[in-house]
Amino acid sequence: MQSDQPKPEHRRAPEMQDRILELHAAAMREMSDPRDGMRPTPVAFLICCLLFTMWGGYYIGANAGDWTGDGLAEQANRAPAGPAAPQNPMVLGAEVYNACTQCHQADGKGLAGQFPPLAGSEFVTGDERRLAAILLNGINGDFHVNGQIYNSQMPAWKDVYNDEEIAAVATYIRASFGNKAGPVAKTIVEAVRKQVGAAGAWSEAGLAEFAAGK
Amino acid sequence: MSATSDSRGEVVSRIEVDRSAEWVVTVYWASALLWLTVATLAGLISSIKLHSPGFLGNIEWLTFGRIRPVHWDTAVYGFGGTAASGTLLWLQARLCQTRIPFPTLLIAGGVVFNVGILLGSIGVLMGKSTGVETLEFPLWAMPLLVIPYVFIVIANFKMYFNRRNAHTYVSQWYLMAVTIWFPVLVLSAEACTNLGAVDGVAQAIANWWYGHNVVGLFATPTGIAAAYYLIPKVIGKPVHSYHLSLLGFWSNAIFYNWAGTHHLTGGPLPAWTITIGVVGSMMMFIPVITIGINHHMTMVGSFHHLKTSPTLRFAVMGSMVYTLSSFQGALESLRSHQEITHFTHYTIGHVHFGMYGFFAPLMFAMMYYAMPRLTGNEWISARLIRIHFWCTLGGMLLYTLAMCYAGIRQGLMMNDPTVPFLNIVKFTIPYLWIRTAAGLILLAGTVAFLINFWRIVQPHRLRFVTPTLMTTERDYDMLLKKEKELSQ
Amino acid sequence: MLLKKLGLSLGVFLTIAASVTGLVIIPNWQFQGHQPMRKADGTQYPLPYFGEQAKGRAVYIDQGCIYCHSQQVRMKGYGADIRRNWGTRRSVPRDYMYHRPHQLGTMRTGPDLASIGHRQPSATWHALHLYDPRITSPGSNMPRFNYLFTEMRDGDALPVGAFPGDVIKIPPQFQNSGITQLVPNERGKALIEYLKALNQSFPLPEAQQ
């Protein structure tokens, strides 16, 4: 390289003869085209490559499921974990509540005119069976909360969460956002599920009927 | 002039090749830089929109879901496609010592290619995207991209079969491979996705088989070919080992193809397809280490040249990042790694590490090396080269580190169901700001290069007689002033 | 002689032919036997999208939702997709048998949408969220899609073709420059229909692994 060149100067384009050389100064000064060195490949490296390839074969064999189009688990014995130890309902409830924040918001205040609040709502802090019934089956249509009318759709959670999770989230919302009602036992959810689990979403009237007919 | 061992014949052949390449390659590289600027701007807009969603918020044409694919497509096809095509033509001509055939047709092809990308991007902005990632351009724009590439394939084969020396150099293998891979890749991917040969999950696999291979079988081999040429060429030493070149080439060709499914780890794919993708990616350690040894061992003992040569500096940066980003990519494919980083900004960080840390610098190195030979001018400003280099390196590192760190944290939070999703979004916002800053730095580098490029393609009455090195001081205004004095 | 001349090209071609066969053609062939299943209510799952839903899917593609939202739920114990309530079970190839183009997506700047219609069936919620994501999800960085809605001030007449039931009230604290109500336009309505139809809750047997 020309790192030791003197300070560059400008040169005026010379007349025809020199001009061709001048134009190609870069092409003339460059090194010859690259050649191949012929160092041998280290044998240890080749052995490593071979071993590594064997690992690849082993990994495919061990993790390819059953090679079918519907064999999605890479190992047939990838058993789901056993039943989890019971959790603190307030912790589990907070986790489940993440699914509710879309509408009822993280602060439990809902969205004015659209999604009812949980904070200070009689439906939350009142009858435990009625709360469980709402959580399990959801709500459809006009609905009054604290004197305000709402018209929206609450999804049914019965296929998504088990009794423990529903009880936990009920317990959580009854004790959060300033609410101060007691916990909901898993057995209550279990009983309500048995009673009305097959029904569709509640209407306001239907829910009142259910609550009244203890 | 410093010592070169060439016969006069070789020099004449070089000059002949460069004359035939002058316009063709300049057209391709100039479009590459313009598209790089467009892609960077589109990327910046997308980046700003992610932390400030109100930015240009009411314009449907510029909604995130449209400007983001335009960013990637103009980067891959606009910058990548044209930069790689220029590189391919010049390198193959030089190594075969033949003129570039039918230059007029190739220039026309380059123009059509540019029109294709422009129309395709406008199509996406208008909402005509096909919805298949990396193949978003509406179908009617694709012939404009494919037909010009056919000319390049034919030109490449013609040069290869008319080569003057029987021995083929390793760069030539990679260039031949690119011209075969890329058309097969595009046509089969279009057939499997937008033309509807397969549906559903098989289509998703085809999509990511393509999405990964467009980087792996197009950008990567071109970048490796450039590094294999430039590093030994500039320092004037033979490449470390022919045997390693051979091993690296074929292991790369065999394994890289199969890696695409790691983009869908955990998804509704048969386990065996993902497992093969994981192994294909992990096996990449073999070619990457092999190619790494070849590049880095060639450099050993010549690192002092990095101080002066802009070409070498970009080329070595590219080859070093190639090693690093390939290691990162191989490990990233593992299921335990994907469980955390899949679906996060980590992947985005990795893509930019590879594209802007490996591929782009090697294309810049090619331009820094070849443009003085093609135009007969030297680079006008060493300072602009320095700005370009440090902005590229700094912006790329900032980008990669911020996104990869944010991605890991984001993935860990996402796998903890007690963390509300919106808290994760809020956590990433500061890193998205850093990304915008990094994008601005990269843009500054691109603009510096653009200015230098614009000046070197101008005809000058005055010429520098020595190469422009990183350590020299060159002032364009002085040159202009002297030209003015002379004309009086 | 010819083989020597073309050996490199041929070898290179074979590598790519092998991978497209192995990764695309063979899995596609394995999926050929997939059939929809009959639900308890007599309808089938999966069904191709048609009518409003198909139109909505086109809007989903045109707006590029895929760049921030995936549509694939990972298995239990791998990530927290199911515990985050993004689905009741993992996604399987049969869920996607009619999807063209596929919209699996590989980014979760926003949550997964494979079953958004199951966990959020309310059209009102979707409308408010699409109009301005910050109404329902404070801190979200999703773009607004206000051009999918007709904005109405108090006393404005209904847009042509809209029913009184389509009008959605904006919560008072988010009302700006007198705009108090929304009506989704044709594209907005279709997109909401599509989002409500995204539902992978039907328990396909192969999803139990």
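First chain written, first letter: the chains are A, B and C, and each begins at residue 1.
Criterion: a residue touches a chain if its C-beta (ideal position, glycine included) is under 8 Å from a C-beta of that chain, and two chains touch if they have at least 3 such contacts.
Quick caveat: nothing in here was measured; it's all calculated off a predicted structure.
Chain contacts here are complete: no pair of chains fails to touch. When chain centres are taken as C-alpha averages, the shortest distance to the whole-protein C-alpha average belongs to B.
Computed centre separation for the pair chain A/chain C is 15 angstrom, with centres defined by C-alpha atoms. Note on chain placement: the centre of chain B and the centre of chain C lie 32 Å apart, centres being C-alpha means. Residue positions of chain B touching 2 or more other chains, listed in rising order: 268-270, 276, 335, 417, 421-422.
Residue positions of chain C touching 2 or more other chains, listed in rising order: 27, 30-31, 75, 83-84, 90, 92-93, 137-138. Annotation for chain A: residues touching 2 or more other chains are 68-73, 95, 98, 106. Those residues of chain A whose C-beta lies close enough to touch chain B in the complex are 1-3, 5-13, 22-41, 45, 49, 52-53, 56, 59-60, 63-65, 67-74, 91, 94-95, 98, 101, 106. The residues of chain B lying in touch with chain A in their complex are 1-2, 4-6, 10-11, 14-15, 18, 94-95, 169-171, 228-229, 231-245, 247, 251, 268-272, 274-276, 278-279, 282-283, 285-286, 289, 298, 304-305, 307-309, 335, 372-373, 376, 378, 417-418, 420-422, 460-469, 471-472, 474, 478-479, 482, 486.
Chain B contributes residues 49-51, 53-54, 57-58, 60, 63-66, 68-69, 127-133, 161, 168, 173, 176-177, 180-181, 184-185, 188, 192-194, 196, 198-209, 213, 217, 250, 253-254, 257-258, 260-261, 263-264, 266-270, 273, 276-277, 335, 339, 342-344, 347-348, 414-417, 421-422, 425-426, 428-429, 432 to its touches with chain C in the complex. Across the complex, chain C is touched by residues 68-73, 78, 80-81, 95-96, 98-99, 102-103, 105-106, 111-115, 151-155, 159-160 of chain A. Note for the complex: chain C touches chain B at residues 5, 8-9, 11-13, 15-20, 22-24, 27-28, 30-31, 61-68, 70, 72, 74-75, 78-80, 83-84, 90-93, 95-104, 106-111, 133, 137-147.
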